Amino acid sequence: MEKIATGISGFDLISEGGLPRGRATLISGTAGSAKTVFACQFLAEGILRHQQPGVFITFEESPHDVRMNMQGFGWEIEAWEQSQQWLFVDASPAVDDEPIESGDYDLGGLLSRIEYAVTRIGAKRVAIDSLSGIFAQFHNPQMIRQALFRVIHTFKALGVTTVITSERVEENGSLSRYGIEEFVADNVVLLRNVLEMEKRRRTIEILKLRGTSHQKGEFPFTITSNNGIIVLPLSAMELRQRSSNAR
Amino acid sequence: MEKIATGISGFDLISEGGLPRGRATLISGTAGSAKTVFACQFLAEGILRHQQPGVFITFEESPHDVRMNMQGFGWEIEAWEQSQQWLFVDASPAVDDEPIESGDYDLGGLLSRIEYAVTRIGAKRVAIDSLSGIFAQFHNPQMIRQALFRVIHTFKALGVTTVITSERVEENGSLSRYGIEEFVADNVVLLRNVLEMEKRRRTIEILKLRGTSHQKGEFPFTITSNNGIIVLPLSAMELRQRSSNAR
Amino acid sequence: MEKIATGISGFDLISEGGLPRGRATLISGTAGSAKTVFACQFLAEGILRHQQPGVFITFEESPHDVRMNMQGFGWEIEAWEQSQQWLFVDASPAVDDEPIESGDYDLGGLLSRIEYAVTRIGAKRVAIDSLSGIFAQFHNPQMIRQALFRVIHTFKALGVTTVITSERVEENGSLSRYGIEEFVADNVVLLRNVLEMEKRRRTIEILKLRGTSHQKGEFPFTITSNNGIIVLPLSAMELRQRSSNAR
Amino acid sequence: MEKIATGISGFDLISEGGLPRGRATLISGTAGSAKTVFACQFLAEGILRHQQPGVFITFEESPHDVRMNMQGFGWEIEAWEQSQQWLFVDASPAVDDEPIESGDYDLGGLLSRIEYAVTRIGAKRVAIDSLSGIFAQFHNPQMIRQALFRVIHTFKALGVTTVITSERVEENGSLSRYGIEEFVADNVVLLRNVLEMEKRRRTIEILKLRGTSHQKGEFPFTITSNNGIIVLPLSAMELRQRSSNAR
Amino acid sequence: MEKIATGISGFDLISEGGLPRGRATLISGTAGSAKTVFACQFLAEGILRHQQPGVFITFEESPHDVRMNMQGFGWEIEAWEQSQQWLFVDASPAVDDEPIESGDYDLGGLLSRIEYAVTRIGAKRVAIDSLSGIFAQFHNPQMIRQALFRVIHTFKALGVTTVITSERVEENGSLSRYGIEEFVADNVVLLRNVLEMEKRRRTIEILKLRGTSHQKGEFPFTITSNNGIIVLPLSAMELRQRSSNAR
Amino acid sequence: MEKIATGISGFDLISEGGLPRGRATLISGTAGSAKTVFACQFLAEGILRHQQPGVFITFEESPHDVRMNMQGFGWEIEAWEQSQQWLFVDASPAVDDEPIESGDYDLGGLLSRIEYAVTRIGAKRVAIDSLSGIFAQFHNPQMIRQALFRVIHTFKALGVTTVITSERVEENGSLSRYGIEEFVADNVVLLRNVLEMEKRRRTIEILKLRGTSHQKGEFPFTITSNNGIIVLPLSAMELRQRSSNAR
């Protein structure tokens, strides 16, 4: 199983090389857990260090907002767009749209737009943020399963390495909104943002990477303006020991 | 990411400057958690210290009741209305209205009224209290997602900075009534009012501010007639230490 | 915010003056938590000490049963009825009634009867016990929200001070049966009756009083034949300390 | 509030005189918690010590089975039937009956049969065991509320003192199957049968008696062939103290 | 209440004589909790030590599989079938059957087959394993109640002593799949298979025997090839004491 | 009950010989719990050490992906396919398929393809991974029960030994997605992947093997590239003791 470096400091260590090339990885987390930052950083690193153009499909935030939100990390998305290294597919609902009836969602149309975008800039990395929005239109669990299957299959056929963000309603309980997503995806990463003693603590965990080994368990991470996500490739327990030894 | 001061003592510190300018922030909390006080104080401070007129869209309490309830804090809303600094949009149900059938809610009509109000007084700050009422009319989670998306988009287009209050049924569990609101909003603030050992304790937490850093975790706050909400920009733990050191 | 004395010993202290005049207060509690006693005592005190006639709208217990149940406290409702100080509006289901289809409930008819009753005796205090019965007829949460809104609005227009009892299914979890009532009401009081170590312990808590301050947290209360509800305006913790100091 | 002795040893003490005369008391408990034993003992004592005939309406067990099951306690129901002191109303489903469609249940027909039975032997005590069976036929919570209301009203009109058994699915959680029964009934008694450290422990608690005082909290009870239910009018805590003092 | 020996070592002690003659006993437990072993052992003992033929109605496992699975205990079912002491009623779904629409299940047909089988070999003991399969076809709780009622009634009319196995989804929570079965049955036995500290521990408990006394609480049991189920008629606590005294 | 060696180190010990020959065993676990690895290893060992060809029916992963994912363990599936020792039945949804309406799933067609495949290579071992996908198409629990029944029956008729993987949504709670699967299957194995103190720990447990004994409780296991799954046939508790004795 070949892997490609994400450039997310520490993550390439715990994943023993990065994300499996040519496959899709689900990034599941609650609101504000850094799903979008992870997705953008994955594309940014492709551009900055590997000459790999990236496509970003956005369902909730407008391209304008994504550009703005990522400036804080020094990622000049607009410049990359001009140099054909970054392409947005804007799948956010048009504001005057009539609400779409369940089941009528034109998934085929969306996938065509994505394929076109990937081909146009020769993208090697794709991020889709977040699919949960369109799943709300499928009442039937079977339809959600098939839609996710079809999306993932399209990316595999394109040969791109993909991250798909996924909404998780509560830190405890089901890993994903519908309890299906984590079974269909080849790879699952969990971003946690847990309240402990009135403080929030962020951790990242690789739940599964089909067909390859990886480090198990939760690892603490922080977000800084200079570096985006930084994973500490030590478990919190080891950290505590180190700091107590240091004293 | 530019921020505007809320004037809520302590909150501008933990948010590292206030609320993101031109965006909407969700204020989620249980009944009596001070959502309405927060929303009014945000507008009041705009008027009192920044010459920024404000529009207050009310769904549950009548304008008359809001005026009365805020007198306790010395905010003379009626005077501000006369000087065109405060404008109410009264979206509370007309009492003789037939119950509205699900899905028929005229969201477009409401948004037009809001746009008109914002333009009329040149509002820079908007508060909407609370959207949960109209969401009850949409059975479909997808329709709730789209309605909230559309409301937020309208405010962004108007260039105003907005707070949207949101009902939370229990202090534990889902952050919002429908488990969707916190994903759609750019910014989320939680107001808690927890029963501990027969005492209530109020805390505020910034759960997420897309595109910018902020302090993490819960901070205690109180409500006083002189100052409205006062956030203590120390965690409860730090507080306890200080007071034990003081002895 | 003007308040009127309830005459419930200790409650006027923790509410810093009683219930907000001209508004409705929700009294929420499990079965047997003393909701009806609270409601009757509120009316009784109006009659006994303030020359304020009262209207009691009953949905479950018949007027005859309420009269009988309150004799234990020495409240001679029948005498008050004769002197036009107390008026029952009997909204309990007629026994031979066909079950009412959902949504067909004639809320307007009920409100007219109440308005008529209030005007007829010049009532200043109203109690409605309990609304949960009629809510069962509205499947739709939006219809419950509107019905409660409309009831409360009617009382406000009449200028009376009102208590509305509300069924709570479990001591833990949601504050009200439908998770909506506590958001619509201006004021919320919780009556608890908790099993601790095989003993029941009654407490009262003011969860919110919009627009005014009040004491926070739970206070123990008892019911005695002489005085009805007696609230101890000390927290249980303070009580324990006092009794241990006393030794 | 006049009460009538149940003859259940200890219960008349904790209820301060027995069950309220002319009213209905709900006996709620899980499977095997002694609901039927309580109901029969209430009737048996009326016959044995107060010359009060009783009517037993049975929904699940056949009259033949009830007779047999109660022989273990020495209650000779068959003899009492012959002397017109005990009358069964057999409301158990006829075995060849087509399943009854929801809502079509002929509640009026059942109530007529009960009225006839009560009049025929001049019954003073009635037991109905258990209503939960017929409630299963009403999907609508409002219909359950009305059905229970109507049943209770019929008994009140007849002037009889009634116990109504009610199924509770789990020892924790809701007091009754539908979360409605305990609000409609005037009086509620809970029978518990809790597993603690691999042993079962039976307790009885009076949750509410409208209009009258009673002892609060749980009291242990046992079932013996000689005496049926025997309540120990001491809390378990007092018991433990007594037995440790005794040593 | 006459009882018949089950021959299950220890169980006849805690049930004070075995299962009530002529009645049905529900055996409820999770998957693999030994329901089928209990049912077969009950029939086997009738044949081996009491000259009582038995009928086994099987819904999930084929007769062939039951024969094979019970050989491990030395029960030669095939031989007993040839000597007319054991008769299978095979109610397992025919594999080519169209899925049966809800409500159309021919319960009457099944009961006729059972009656015929019982009469044919003069069966005194019957086991039905497990009814949960057919209940899945009744959406309506009322229909489940009636179906179980009808099944039990049929067995009573036949004068046979019956065990009915019943699926329980989780070790905690509801005693039965639908929360109804344990109320309709005269007698309920629980088989538990609990995970404690990474070990499974099996216990048996008699939850209720209508009309007769029995030992309360959980008793540990094991399954051995020589003896099938062996109940230790000591509580786990007593066991621990004994073994610590023994040291 | 004859058993066949799985070749999974340690598992044949705790199962006292392997999986029951000619029967189907359910392998239930959360996402990433090693269900697919277990299924493949079971087939691989048949090929490598017992000259038993195997059929692998895949519902989610494509044959291509399974081949690739198992290369990490040195299992050269492609070579085995060429030598007719391994045959894939690809039941993954065709990407352009219209979503299948509930109930229309052609189970018969699938079973024919499986029978054909088994016969063609003379398979002795079959793996089906995972059935949960097709169950999503049956709303009705009864239809799920029948579909699983029919699948298992087909395998029994073919005389093959089968493992069926099954999705489990959460580590706690129901053993299977629908709460039905574990009752229909003859044998159930649980794969757990529990988060404890920020570390993941894998365990395997045999929940039931109908008709035969086996070791009870959870056993730790690891996955290594050299050996696939390796079960430690000591309980975690014994392990801890050993390692503390070793010091």
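Note that the chains are named A, B, C, D, E and F in the order they appear, and that numbering of residues resets to 1 at the start of each chain.
Operating definition for what follows: a residue touches a chain if its C-beta (ideal position, glycine included) is under 8 Å from a C-beta of that chain, and two chains touch if they have at least 3 such contacts.
The shown structure was predicted, so the numbers you read here are calculated from the model rather than taken from an experiment.
Colleague: How would you label the subunit E and subunit F contact, same or different, if same means the shared numbers make up over half of all numbers there?
Modeller: different
Colleague: How many degrees of rotation bring the Cα atoms of subunit C onto the matching Cα atoms of subunit D, given to the nearest 5?
Modeller: 60
Colleague: From the C-alpha centre of subunit A to that of subunit D, how far is it in Å?
Modeller: 59
Colleague: In whole angstrom, what separates the CA-based centres of subunit D and subunit F?
Modeller: 52
Colleague: Residues touching two or more other chains, restricted to subunit A: which are they?
Modeller: Correct list: empty.
Colleague: Head round the ring from subunit D, going the subunit E way, and note every chain as it comes up.
Modeller: D, E, F, A, B, C
Colleague: Given the complex with subunit D, which residues does subunit E contribute to the contact?
Modeller: By the definition above, subunit E touches subunit D via 1, 140-143, 145-146, 149-150, 153-154, 173-175, 179-180, 182-184, 186, 188, 203, 205, 207-208, 210-213, 216-218, 235-237.
Colleague: Considering only the defined contacts, which subunit F positions touch subunit A in the complex?
Modeller: Those residues of subunit F that touch subunit A are 30-32, 36, 60-61, 65, 68-72, 92-93, 95, 97, 99-100, 102, 130, 132-133, 136-137, 167, 169-170, 195, 197-200, 223, 225.
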